[in-house]
Structure formats: C-alpha cells, structure tokens
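Quick heads-up: structures coming right below.
Look at the two complexes coming up: chain A is in both, with chain B in one and chain C in the other.
Then we have the complex of A and B:
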C-alpha cells in the first residue's frame, strides 16, 4: 500500500478492518519513536551525570591507553574475522559437503558463549603464551568469525540461483565465488564492525589475559574506586568513540540489510557438489570451526581431563552441577525475562515499521546503532535511576526485573530483525483478502498473523535469552545480591577457583548452550539451511 | 447472493507517490455484464480493481455502488466485505498456515456447509485438510476461487488469476468459472493480458492506457473496430483462431 495514501478508515461504525495493518498512520511513527526512546532511557541519566559531574579527566593516563588498546584489538580481531569468515560463508553458500548443516550449528556456538569462556579455553591451552593483546585478538577474532561467516551466508543466500549459474558459466568456480563474495561483502563488513564494537565493550578476555581494557576500567571505577561520575564519563566516552566509528557504518549498511530481509520470489542458490571445490570448502569450513571453537574447547577440557585421570573422581563436575542448580533458576528468569521484553518490543517495532522501505531502513540502522552501545551504559544508567528513585521503586529498579529490562532493551534490536524478516515474508494481499472476505481483525490476527510470526518470535526469544545470559557486563552491575546468573558465577570464581572446577563449570555452560542452539536451529528450520 | 448492484466511478484519480496511476476515470460496471480490464503493465488495472473492492480510497472522485456512495477520498462508506465482492488475487493470497477448508470458511457469513459446497464446486473437496503449500499451482487457484465464491458474491473480481498456469489447467479453470457465471451468476470483472481468458469470460472490455480509459465497449465492437493495441491483439488472436465471424467472441 502506498505510504502517501490517506489512512483507510471506515465512515461506517462497525468492527475494525484488517486493512489497518497495511494502512499508513501516525501511530506507526509514534510507536517507533516510543520504542527507541524507551531503549535509550536507561542511558539518559548516565549521560546527564557525565555532562554535569566534574573530576578527573577521562581521556588521560591508563583509561586513554585502555581505550586505544581496545580499539586496536577490536579492529585487528575484526580484520582477522573478515579475512577468514567471508571465505567460510561463501563455502557454506555455494557448496554442499558432508556434515555441512552440523558444521553450521557448531559454528554458531561461539556467538552464544560469553567471550571470557573462549578466553579461558585459550588461556588454559596456551598457559601464559597469549597474555597481552594477542590473547584478546585471538579470542575476539574467533568470536566475530561466526558473525561474519553467517552474515556472508545470509548475504549470499540473497542471490538468485540463475545469477550464480550465469557467473559459473562465465567464469567457472572463480566467477561464482567472486560474485557471492562481492554480493555478501557489505553484510560481512557490518557484522565485523558490530563485532569490533561489541569487543571494545566486553571486559572478559582482557581480564583473563591481563590486558587493561576500557570496559574493565569502567568496572574498576565503579566497583573498586566507587567513583560513579568517573564511570559515567568513561562509559559515555567509550560509547561516543564506538558510535563515531560504527554509527556511519550502521546507516551505510542498513539499506543493504533491509533489502536482504525482504522475501524474494526467486529460486535459491543450488549448492554445487563438485568433488574438488566440495572437498576444499568442507576442509576450509572444518578448519575455521576448529579454530573458532574446538581449540578453546580443548583448552577448557584439558584441566578437567587431567583431574579425572589423576584423581579419578567426578567431584568438579558434581560441584559444577551444584552451582548450576544454585544459579539455574535466576539464569532462567533473566533469559526468559530479557527474551520476552526483547520479543515484545522487537515485534512491536516490526509491526509499526510495516512495509515502508524508508521506515525499515531507519529502523535497521537505529537497531545496529543500539547494538553497538556498550552494555555498561544502560546498566550504570539503571543504577543511577535506582539511586535517584524513591524507596518504593526498589522492587522494580533493584531487582531481577531491572536486569531483565536492561537486557531486554539492549537485545530487542536482535528480535526486531527477526520480526522484520518474518513480516517481509508475509504478503499484503493476505490482509486484503481478509478485508474483502469479511474476516474480522481479531480473528485475522489470531488465525493468520500470530501463527505466521510465532516461529520467528520463538527463535528470537531463544536467541535473545541466550545472548542475555552471555552478557556478563550487565549482569555483573545489576544482579541483586545472591541472585547471580550461571555465567556470572563462573566469571566471579574463575580467578581464584581450581582450574578443573572452572573448566567443569565452563563445559556445563557450553553443553547447555549447545542444546539450546540445537533447539533454536530446529525451530528456524534445519532443512532451510 | 449479496446485493446485486453495479459500480460507478465518477472522476476517480489515484497516484502512488508522484506516479499518477489513474487519472480522472469515469465508467460504469453494471451487474450482469462480464467485463475484462485490459492494458499494458502498470496502466492501473489492478488499482482500479482495488478501488472497486474498497481496498484503497481514491485520491479524488467517488466510487458508487447501487446508487450509494461507497468510497471517497475521506474514507470508505461501504466496507470491502459489504460490497458483495469475491476476489481472486494475483498472488492468490491464500493464508499459508490454514487448511484449504479454513481458508474458505474464515470469511464472514461462510458456514461450514457453504465452504464445503464451494470446495466441491471447484473440485477440491478431497484436499480440504491440506495447506496451500501442499497443493499444486492449479489446486491453489481452485482453492482461491473457492474462497472467492463461498459467500455467493454478486461480483467476482479476478486479478490475473491464471498467470503461470499450464494451458490444460488454465482451460479447465476457465471452463469452470464460465459454468459458475452461468449457474450462480456473479458478475465477472477480469484483469488479464491473455486474449483466451478475455474471450472465455468477458463480453465487455475496458482498455486502460497511462491511467486513462483508451477504449470501452463490447468485445464484439472492439474486435471489429479496434482502437487500441490491446484490442488489436484481441482481434489478431480471434482471427488466428479462425473465427471469420467475430460474433462468436460475443459469447462468454
């Protein structure tokens, strides 16, 4: 329906027509503005604090060096991930090889693990060999690599089968590879940029490899020095630096991502089964997965394996399960709460965006923009809100709900992308057919719209939940006393507990994440991959 | 049958952004006169159909049904489902998560018995429990047609419904719709590029070109004295069929 058209309204009284779902209206702009305003609300008090508080200069000494180091680490890790991830994504797009689907599931796993767990694995494997910037670069590269590979895969999947066949005819396999890589390069760049931005805001790997990072400095300013004003100024500075770099990129790639989200009536790329390229693609993908996941996993397993061989008992695993039982309830609450809020806001945004191309591009750019913000910004802002609020607000602002809300607001852009994609796969003529044949709006929503959006909403819920529990930065700042999540429990004991215990905890976490990832994969369509 | 009154368009214009799709159109579509809307792609045929169905308001002018104002630029005075229209959309618009039977009976005033009767009429009652994705192209067309006729509409709007079908399936469907028009009597308004479909289903034609009515009249007259390339194409097709006397084209 035309965005310039006047709103369709019935001058007769009667039930609301399903046509309102396709019609333009001021409510769309209001809902979109409201959601984005809500998303940045926790950061606003912090921004005010940063602008009004005075004290030690931010960009000097240790913090300036940490920011500079973080930027170098982020850029180098993203570059490595781009160099390795694009060929991996192209191989997954163009070639079929044994175990391809299973490899894709395994490749996605690092994305759902807190980077500090991957760092622990590398650290246990390499001893002190990776201490310094090399360690975080390796960890973040292996964490960003799947992001780049999947973005390349999604970008390449947007090509039609005939376009790839024409490239094959014209230039052989090289032609097909170059075409796919060029087509997918913008989403891959966006993924690498997003990964770099997120790495700068993550305190975990720096702590494991004894590198001072901006994120750990913010935590130290808040928790160790008790200087909230300094932490606020540092957070806002980091956010400004990240946004200066990632903001233009977000608006640059948004049209391309918006286009990729649209459903197409084209035949999808048929994956080749030629022996040579197939074997090479399979080997390349296997090597990438080995580098990204299996190597740190070997590192995580080794202390536990030594302990089992030497002692022959399972006490560390048993203690890890006890820890899981202690923290599992809260972990589930955080995951479910954040997932619910993210899906609610993300799908409301998708519905409000509708089919207007301009609104879709803006929403995607704003979502990428929000995802790049350091988690500490919203978390510290929430603390500031709780401090300023009256005591009766404590059950909301100093509770598990506050953590769920902050995580949900942080992750709703992920759910919004799912919602926008699901909506793009529906046809406006479904609504028109309902209007012509007299299907009431409520019945149409219940029987057609909701079932169509449900699989995407469930997948978004699961993914947002997994990402929420992997975000230890926010959990560390906002969890109520005695209500730590499972990954947070690992993070807090990793420096002092025996290696075998930390390894057992990490393995339990990886196993649960793998199971949930498998469920997610089944939900979004195993065969469609 | 729901209502039995024709449509009138009075000085109707419609634009999308800066593109004028319909420009000051006036015409009459009386009940009982099966009409084909012809014209090149993008000339406004589907838009005209959507204005009549009440899916969009005009930017200027009025749509009148049965002597009553149906749509104005300010909004709809007669809701789409109260216009007695059944519609087969270009992409069929079958709701993918519902069975064929549910697709047909989800509409207002369609009982289970009526839905099954429509399915039987279209020859797909055995497929009632299947979902659209499990049907062939021809079966999907039949399902969409069953949904359109289930409420016994006074008008049946067909927006290029046979695109992409093989000739055998298409002729079976054309025969079925012709029989339906004879038996239960909905007035057909067909948007098509295919002369065979036009000759099979319509007696009257309206040719649109760049948003204006370029030709209007009976198919018989259009074939004998074509004024537009669409009518000339129809004439060429008719002569190619060996119909020396284009009078035959007058019979739907």
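Then we have the complex of A and C:
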C-alpha cells in the first residue's frame, strides 16, 4: 500500500464486509453479464437483422480471401510491433536517459491519429513503394507499437525493485533486461492482440494501399451495397474467426495478466543512470520512436513545409487554428466522456471478474470479440434506437452523450484489460486485514481499492479517450449536428482541400494533443511515469 | 489525493453535463440542420453566408466522398422515422434519388429554381439540381506529350496507356454514378467490355477521386478520371496536370449537378425551404463557380471565371439521372462488385 495513504480507521462492522471482493458470489456473474449485454446493445438491432435475414452468402471466395488478408496483416503488424515495442518499453522502464519523458509523449502520438491518416503520411513519403500488404502492415505496426511499448512499460513497472536489483546483481544488465522483458511479455502480447483486433476492423489503410481486407469488404456491404444484414453477418463471421484465433491468446494471457504483489514488497523499480546502458537505451528508443512514428508525420506535414518555405504563407495554419477553435471543445468532451464510460465499465468488469482465471479467460475473449466488431454496427444501431425512441430520450440518445456512450461501450474492453491487471496486482491480504478490523466495504473501496486502481484507471482513461477521438466512422454517424470533432473535421476536408491545409490541420492536431498530454502528465506527476 | 479526486470528479461531471446538453434544439425557428455530401471546404462558406444573410443558424453535417465511412446517406435512411436533418445537400443526384426511393425526401419546388434546366432535376420535385461538376480526364504533363493527350474515357483502355491509367473504385462516390452512366450510354455489353479491358490493360483502381488526382499528379499514373473540383485543386497547387473534358465528339462528358433535397418530417421545414431557396439562387451558383470547387452554373448568364468551361461549351452526356439510381443499386451488387474484386 502507498506509504502516504491515510491509515484505515478501525470502525464498527458495516453492513457489507470487504471480503465480498474476494469471495465468490452470484453478483459477479450478473455484473459481468450486465456489462457485456450493455456493450452489445447498440449493435443488437443489426445483429438481429443479420440472424433473421436471408440474403447473399457470407463466405464467398472473395470474402474468405479478404478475411485471410486482414488476418495476415493484423498478425504480422502485431508481430512487428511486439518485436520493436517490447525492447522500447523495457528501455523506458529500466533506464533514465535525457529526453525520456518527451519520447514517451511522442510515443503516444500515433494513437491520436486515425490509421488512415498515418497511411496517407506513409503513402506520401513512399510513393507506390508500400502498395500492397506491406503498406497496411507498416501502418498498423506503427499504430500498435505504442500500445505494446506502454504495456511493456506498465508490466515492467509492476516488478518489485528487489527483483530487478537481484537480477542485475546476478546477471548484470542482461539479467535485468531479460527479467523485465519476461515479466512484461504477457501484457505486451495482450496489447498486441488488442491492436491486431482493432486493426482488423479498420478499412482505411487497406484502401489507401489498395489491399482487400475483411474490413473493406464490410464497408462495401454497408456503404456501396446498402445491405446492412450482409454487413452484420460478415462482421459476426469475422469476429467469430478472430475469437477462435485469439482463443489461445486469451487462454495464455488470462491467468498471467498479473500476478498479485506480495504485500511486503511494493517498492518501485529505480531507473538506472549508468552512462553506457543509459546512452544505448536512449539512442535505441529514440531511433525506434522517431523512425517508426515520426516518419508518417513528416509525410503528412511536408506540403505545409513546402508552402511555408516557398511563400511564407501562414493562412493554412491560421485556418487550421480556426477549425480547432470550432471543434476543440466538442473533441475534448467526446474524449473525456468516452474515456470515463470506458473506465467505469472496464473497471467494474475487472472487480466483478476478481481473481478467478476462468472468468478472466471469458472476459478477455469477450473483450476481443467486441473489439473486432466494426464500429459502424453499433453506430447505426444507436441511430435506429434513437429514431425509435421518444423525443424525451434525445438528451441521451441524440446528443454528444450518445457518441460518448457508443465510443465508451466500444472501447471499454481496452479499459477492462487495464482494470483486470490492476485489480489482480492488489493483495488479498489487504482485504482480509480490513475485514478483521471491521472496515466497511464503502470505506475500503474509497481508501484502498480506488487509490490502488487510480493510476491504471488514469492510463485507461487516456488511452480510451485517444482511441475514441481517432474513431472517425462512429463520430461521423453519431455526432450531433454542428458538433463535429477535430479529427472528423480533418477527415471531411481532406478529400478536396489543398494538401497544405490538410497538413496544417494534422500538425495543429498533433501539436495540441501532444501539449495536452504533456500538461496532463505534469499534472499527474512525472514520478508516476 | 482527495483534492485531485474531487477535481477529477467535478471535471467529469462537467463533461457529462456538456455531453447531455444538446447544441441544437430541434424544432427551433432560428436554425436549420443541413447534411451535405459536398466537401466541407466548399459547403461551409455557403452555409456561413446564408447564416449571415438570414440570421438562421446552420448546423452543418458534412460527409466526404472518400470511401472510408458508411456515410451520411445511411445515417439519413436510418433516421427516416424521426429525422434530425432538414435538408440534404447532395453532391450528386444519384444519392438524392435514393433518398426519394427510400421515402426520406419530400417534394419541394422552389421559386428560385426558375432558369435551372429541367433535365437536371427530379420531375416530381423531390430534388432540384444546381451548380455542377463534370467527370474529366486528367493527365500528367511530364508523362504524356500534348500530342498524345487522351480525348475520350475510352483512352483508359488504349494500349498506349497500358499500366498507366487509373480510376477510382466504382463502388463509391461519383465514380459509381459514372459507371452507371456508362452502362446507360454504352449498353450492357459495351460497358462490361470497357471495364474488362481496363483491367486487361493494366489499369489501377484508386481508393477515391482524390487518390486518382494524387496518383496522376505524382506521375504514378499517366492518366485518370476524376471530378472537376479534384482536378481544379491540383491545378491550384501547381501540379503538372492538364484537364480534358472527354468525348466532346462522342458520348459526351458526364455532368454531375448538386441536388437540394428537403427531408420529409424534418424539424425545421420552413428554414429548410429557405436554405434550399438560397442554394438555388443565381448568386450561389456564381459563388460556387468562383470558389476552389470550380462548379459551373447550370443556368445561363451567371458570371463565371474566364477560364471556366461552362455547360454550353461542353457536350453533356445524355442520361436520365432518376434512372441511374436504380441501375446503380443493381450494378453495385453485381458487375461492379465483381469488377472491384478482380481489380485487387
């Protein structure tokens, strides 16, 4: 427990003991079922249509090939991200080098960008060199890399200082690196799996690089054929295939997503400042992050640079700032609202799952399934629900909240993974000690559980918020008239706007987001990072 | 910790309050909700001018022709029973016609439609066409000599452009409408032959018209077919391209008028009609002609930039726009889907 946390007062026995958090109970199943039911509710109208309608066969040769293509791209991108992201995360965990904090902010940038924008950046730089599967693999790998690196970092940070020091004494730096990498590998794999699932549902990069994927086939069914039933059947098919493929991952990850910390040792790992390893780690992390993450940004903003160099023309930047002023407030509301809902549900799920490996396996598998469903399924379902509902429900179903809710329900599995890990790192002895001293459940939740889960909740809130504002498809369909988000504004102008204007929008977006991330980080405190 | 916690809770409460607060108020005399598939950069200045002139606030919901979303058309259809939109300003008449067929549109014959050619509007008044784009050929001047410049859409299958021609995915956007028009003009066999020969000639399928513009401007394709607004943006950026209005001595150039649609049961029908009236004015046609959209007026006598090709200077392809929508739905499920699959 945190050393400066206030002491738990010994009180009279309350109506409910904290032991319910450790004991089995029917409430766990009810909460888990309730949360998953709520998450799938927006998609239910179309899923029902998919099950009841009879139409074109789903598994045509073309669709089967597209599914295979999407899976191969997702798996290869996740593998590349794993190979590059784990060493990056280990370097950030073990070594303190100059610019480390700034690099961590830069590392988060790709998560702000919708993958199609990253794809355009790469495409502008590489010309036709990345056409074919290589393009989407590069784009998704650079998009998943931060997820893996942050998961590795979080996993490594869960190691006790004593363990790292012992490994260092026994095996030198190599020993410490191997220990950290091994310890963080399972969360890193979970992050890679998560990224792969999200990439399989995203049609953007496949279209930019002219590759047929399952997501682009589903998009064609939705947008070109207008056959929602077929699109829903295709979506369920893809999700089921991915679920089958991800089953072993869920099986592997669930029991090892976190091992409970022993109550006697929670001292954090101290980052090493030795000159040699620190310089090497810093240089490697910097090269990795700059090469993989800043390259597409250079492609995106180069037209603006040309415009500035040639004529010193600042009008595009000025227009981009106007656009930011118009949409910035709504963007923040969407990010914060979706992040909050995702964290609320994700952490409630984590508490309900508890320490049971079977429930954890089910929860992780169900989370992956939900993430694989295309966002349009829930968005169109939400429109149908709102249209059928009476006008008094509009503040919930046809407001900014509707978009926050839909995004939060879509992204709660991301928060759930954070929650599952954070919840599992609590020690059962805390609960037992509180129960022995008659601490009521409410007080235990307030004084012990909430502070323990808070850092993970903050990280999940940030990640879910970032992913939410990058989800263009849902925003396009659900944002209230006149309340577009900034990425949506970029998306809607990019087809015909001058390249320099699109570049200015991308630059302003990333710069402002990076500053906000930086400020938030400072507010929370560097020491936690 | 507790202070930070309280601040966080207060901030989240504020966010949720803002989220539930509706930024527009449904049935409100002072506003109009406009969904548009016209690019934001072109539609917003017109909406802002309307707002300034009439005092009616415009809530604009733009879409894009980039084929990366399920689009506003699906949103409009899904909202049919209790629409949020008053007007759909469509970038092409096919999507307007689909709304008519789906029962989303309601007839409105604007007094401002005088002078607009009837051939570009729905005879029953469900949608009214105004300022138009055209489907044009663009070629890269560095890769194609002026003497070899393409003159017809059929040049996409000419062996001299083997492996160097590109076309956007015909399942989406204005290319889908162009494909349906080619089927109407060339006949079933002729159009199928054209698309099949395009593939046999090594033609490339781009993700959108903007992508075609980029591929040609970068020289990765020598020629391509796109819309006049895409081509004009490339010219304004100084890209080495040239525009050709195709088939001037043959089947003609496909003209794509904007279409103004009044939504049935929209929350502010009177303001919706006012907005449509505003769109159909000669002054709006002039504004769209002088903007980067470079949309030529359908009316005669509207002032346009000197270099603009107007309707009376080209040979428009003769097509029945209302018939194209039905044809397109059938083609999308059949030949065009198969073509797009084979092109990958």
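To be clear about the criterion, the second predicted complex is superposed on the first by the 316 of 529 C-alpha atoms of A that agree within 3 Å, B and C clash if a C-alpha of one lies under 4 Å from a C-alpha of the other, contacts with A are read in each partner's own complex, and residues count from 1 in each chain.
We take it that a contact is a pair of C-beta atoms (placed from the backbone, for glycine too) under 8 Å apart; a residue touches a chain by one contact, two chains touch by 3 or more.
Since the structure is predicted, the reported quantities are computational estimates derived from the model, not experimental observations.
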| item | value |
| --- | --- |
| Partner chain(s) touched by A:358 [first = chain B, second = chain C, both, neither] | neither |
| Which superposed partner A:383 touches (first chain B, second chain C, both, neither) | second |
| Chain B versus chain C as contact partner of A:132, first or second or both or neither | neither |
| Touched partner set for A:451, first chain B, second chain C, both or neither | both |
| Touching partner for A:427 - first (chain B), second (chain C), both, neither | first |
| Which of chain B and chain C A:435 touches, first, second, both or neither | first |
| Partner chain(s) touched by A:172 [first = chain B, second = chain C, both, neither] | neither |
| More chain A residues in contact - chain B or chain C | C |
| Contacts of A:481 with chain B and chain C, given as first, second, both or neither | second |
| Interface residues of chain A shared between complexes with chain B and chain C | 5, 451 |
| Residue ranges of chain B in contact with chain A within the complex | 15-17, 50, 53-57, 59, 73-82, 85-87, 89-98, 102, 106-110, 147-148, 151 |
| Touching residues on chain A, where the partner in the complex is chain B | 1-12, 14, 17, 19, 427, 429-430, 432-440, 443-444, 447-448, 451-452 |
| Chain C to chain A touching residues, read off their complex | 1, 5, 11-12, 15-16, 18-24, 26, 33-35, 39-42, 59-75, 77-82, 84-85, 98, 169, 171-172, 176, 204-211, 218, 220, 229-230, 233, 236-237, 292-293, 329, 332-333, 337, 340-341, 344 |
| Contact set on chain A toward chain C in their complex | 5, 56, 62, 116, 127-128, 203-204, 207-208, 210-212, 219-220, 222-228, 329-330, 332-333, 336-337, 340, 376, 379-380, 383-384, 386-388, 391, 394-396, 398-401, 404, 450-451, 454, 472-473, 476-477, 479-484, 489, 491-501 |
